[in-house]
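Right, I'll just put the structure down here and ask away after.
Chain naming follows the written order as A, B and C, and within any one chain the residues start at number 1.
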Amino acid sequence: MALSDHARIIEAILTAAVEPVSPRLLAELLEIPADRVAQACEELIRSCEEQRRGFVVVRIAGGLRMQTQPDLVSYIERFANTGVSSRLSSAALETLAIVAYRQPVSRAQIAALRGVNVDGVVRLLEQRGYIAPAGRAAGPGQPILYATTDAFLERLGLDSVAQLPPVEDLLPGPEMVGELEDRLRPAPGE
Amino acid sequence: MALSDHARIIEAILTAAVEPVSPRLLAELLEIPADRVAQACEELIRSCEEQRRGFVVVRIAGGLRMQTQPDLVSYIERFANTGVSSRLSSAALETLAIVAYRQPVSRAQIAALRGVNVDGVVRLLEQRGYIAPAGRAAGPGQPILYATTDAFLERLGLDSVAQLPPVEDLLPGPEMVGELEDRLRPAPGE
Amino acid sequence: MVVTVSTPVYEGPLDALLHLVTTHQLELYDIPLGDVVEAFLADMRSTGTVDLSALSEFLVILAVLVELKSRRLLPGPDEVETDEEMEGWEARDVLLARLLECRAYGAAGDAFAVLAERAAASVPRSAGIDDTIVVDPPDLLEGVDPGQVTQAYLRATAPRPVPVVDLAHVTVDTLTVAEAVGELVAVLPGAGRVSFRALTTHLTTRLEVIVRFLAVLELCKQGRVTLDQGSTFGDLEIAWTGHAGTGTGTGTGTVDGDVGPDEYEG
């Protein structure tokens, strides 16, 4: 089935774009309301899937982006002669996780959670653009508070931090926590 | 109708490509003979027409390229002129800074310093008139060397690039940068 | 690496063992922890490598198992004073909460790695606008000054981090006890008898003082100084004895990460 006018205009814009394009800008360019943009985007995304195009249209960092089909990555790697982007250490990933879930958060708070000095890791993450200062805390010393950036969302392929796996899923189940707690606490009659 | 495997792989490669891709390279990447490549390209071109995609696949400069539908040019112009964003992304600004401080410099040299592919960003900066080709390097491939333009100086309110704040004392010695560059420079044949 | 164990009543990942035990699906009483340790050591020997993260995971889990089992084996806490006992448990609760939280963030980190890997399989479109299209460029450099260009250059040319062994658990403070020892060895011989307070008045941070204190203890241990404290909370008097100790090389430990300067940020 052929694309609707709105969907193909959006596709054209994404073809020319080098960064995710916000739905608001699309609405402005097409001169249509936001819900019609959302509808056209849906149509476009579905059409790429159904017709097994070589690219996909994804929602990322608050915008839309055209990118290559993930399952064709081997061809793209050969073509672009690129390796896997450098991996982050588990220390960096854990620190990033703390910032992502508790933002805005200070270095001291991260250090307290990780139990180690995190200056180097925080600097690395800031240098790579995955986190950035987002104000200062009230209170003594007014430490810098950090938050994650759009680059972080792009690196993880997410539209917003709301898409992060929910913390509940990551914590050991409540039964286990409860059990562990009960076991470690001296029972009154034991 | 869904795309064949070969056609969608070609579409994926064209999505990732910045320059036209020669049929010979496609044949090599897909490991199929030239006539099968031609056939798959035909299919791809036809499919874009039939489904009224927002882009077209064209034969240009001895290769294939994905570009925006000519009849949608008015939207692309508006998109380009409202600005992808009203400010340069940090990636673009970093690339511009490298050109400013190390001109004349090739794309490969910039990529070596930034650690990522910079083709799209260089194109953007060139399109916006902040950088321009300034000759070719000696040596294999004779890559284009880029320099900043008068428009760049004007925008920053500078007379010449010599007026940019000096960086020598803040940098890891030039030997180190040079060494890093040499190590990362693609071998002849690129 | 997943730590696996193999015992007569249980075979599988150690992690899962802890889960089974705490959810009563497996009776801890029946598991010989010695076998678990043996199995782990045998496993480690057979692979011939030592995975530090696996090793520490093993230690943590095993410590919890030992704790749980000893509670099952020992008689109740009747003879222990309640106050003292509760204090211990509160500390344990804090520890437990922290352990759980750390595991959650560890799991989040793993999830991030998977997401990043998946995202890296796609290359975004970056060709930009066709050359044929006339662009009347809005000033993208608006608000950018030369200083920002310089900053961007420094950012771009900063030495890229090379993937290395994760040393995040090691505090990389520049101020080490060894250095403080060296400093004191240079100062003390000519100073006669000095108080610790006098030695440290010029220091501004608590950490610096702590490091000097550890250095003094180190020198005392080596027999190169004598320490004297007149009264509780009184001034600590330090006197150089000049005995050649075992050398300054023994005090090379850095200050423990828990007292990193960051702790005093806010």
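Simple rule for what comes next: a contact is a pair of C-beta atoms (placed from the backbone, for glycine too) under 8 Å apart; a residue touches a chain by one contact, two chains touch by 3 or more.
Being a predicted model, the structure only gives us computed values, none of them experimental.
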Going by the contact definition above, tell me which chain pair has the most C-beta pairs touching. A-C
Which chain is the middle one, judged by CA centres? A
The distance between the C-alpha centres of chain B and chain C, rounded to whole Å, is 44
Could you put a whole-Å number on the gap between the CA centroids of chain A and chain B? 26
Could you give the separation in Å between the centres of chain A and chain C, each centre being the mean of its C-alpha atoms? 27
Out of chain C, which residues touch more than one other chain, so two or more? 123, 125-130, 133, 155, 160
Junction residues of chain A, two or more chains touched: 14-18, 55, 66-69, 76, 80, 82, 85-86
Spell out the residues on chain A that touch chain B in their complex, using ranges where they run on. 1-3, 7-19, 21, 25, 28-30, 47, 50-55, 66-69, 72, 75-76, 78-80, 82, 85-86, 129
Listed in rising order, the residues of chain C that touch chain B in the complex are 123, 125-131, 133-150, 152-157, 159-160
Interface residues, chain B side, partner chain C - complex: 15-18, 65-68, 73, 76-77, 79-83, 86-88, 90, 92-98, 100-101, 113-115, 117, 119-121, 123-124, 127-130, 152, 155-158, 163-165, 167, 170-172, 176-177, 180
Given the complex with chain A, which residues does chain C contribute to the contact? 19, 22-24, 53, 64, 67-68, 71, 76-77, 85, 89, 92-93, 96, 98, 100-113, 115-130, 133, 155, 158, 160-161, 163, 166, 168-169, 171-173, 257-258, 260, 262-266
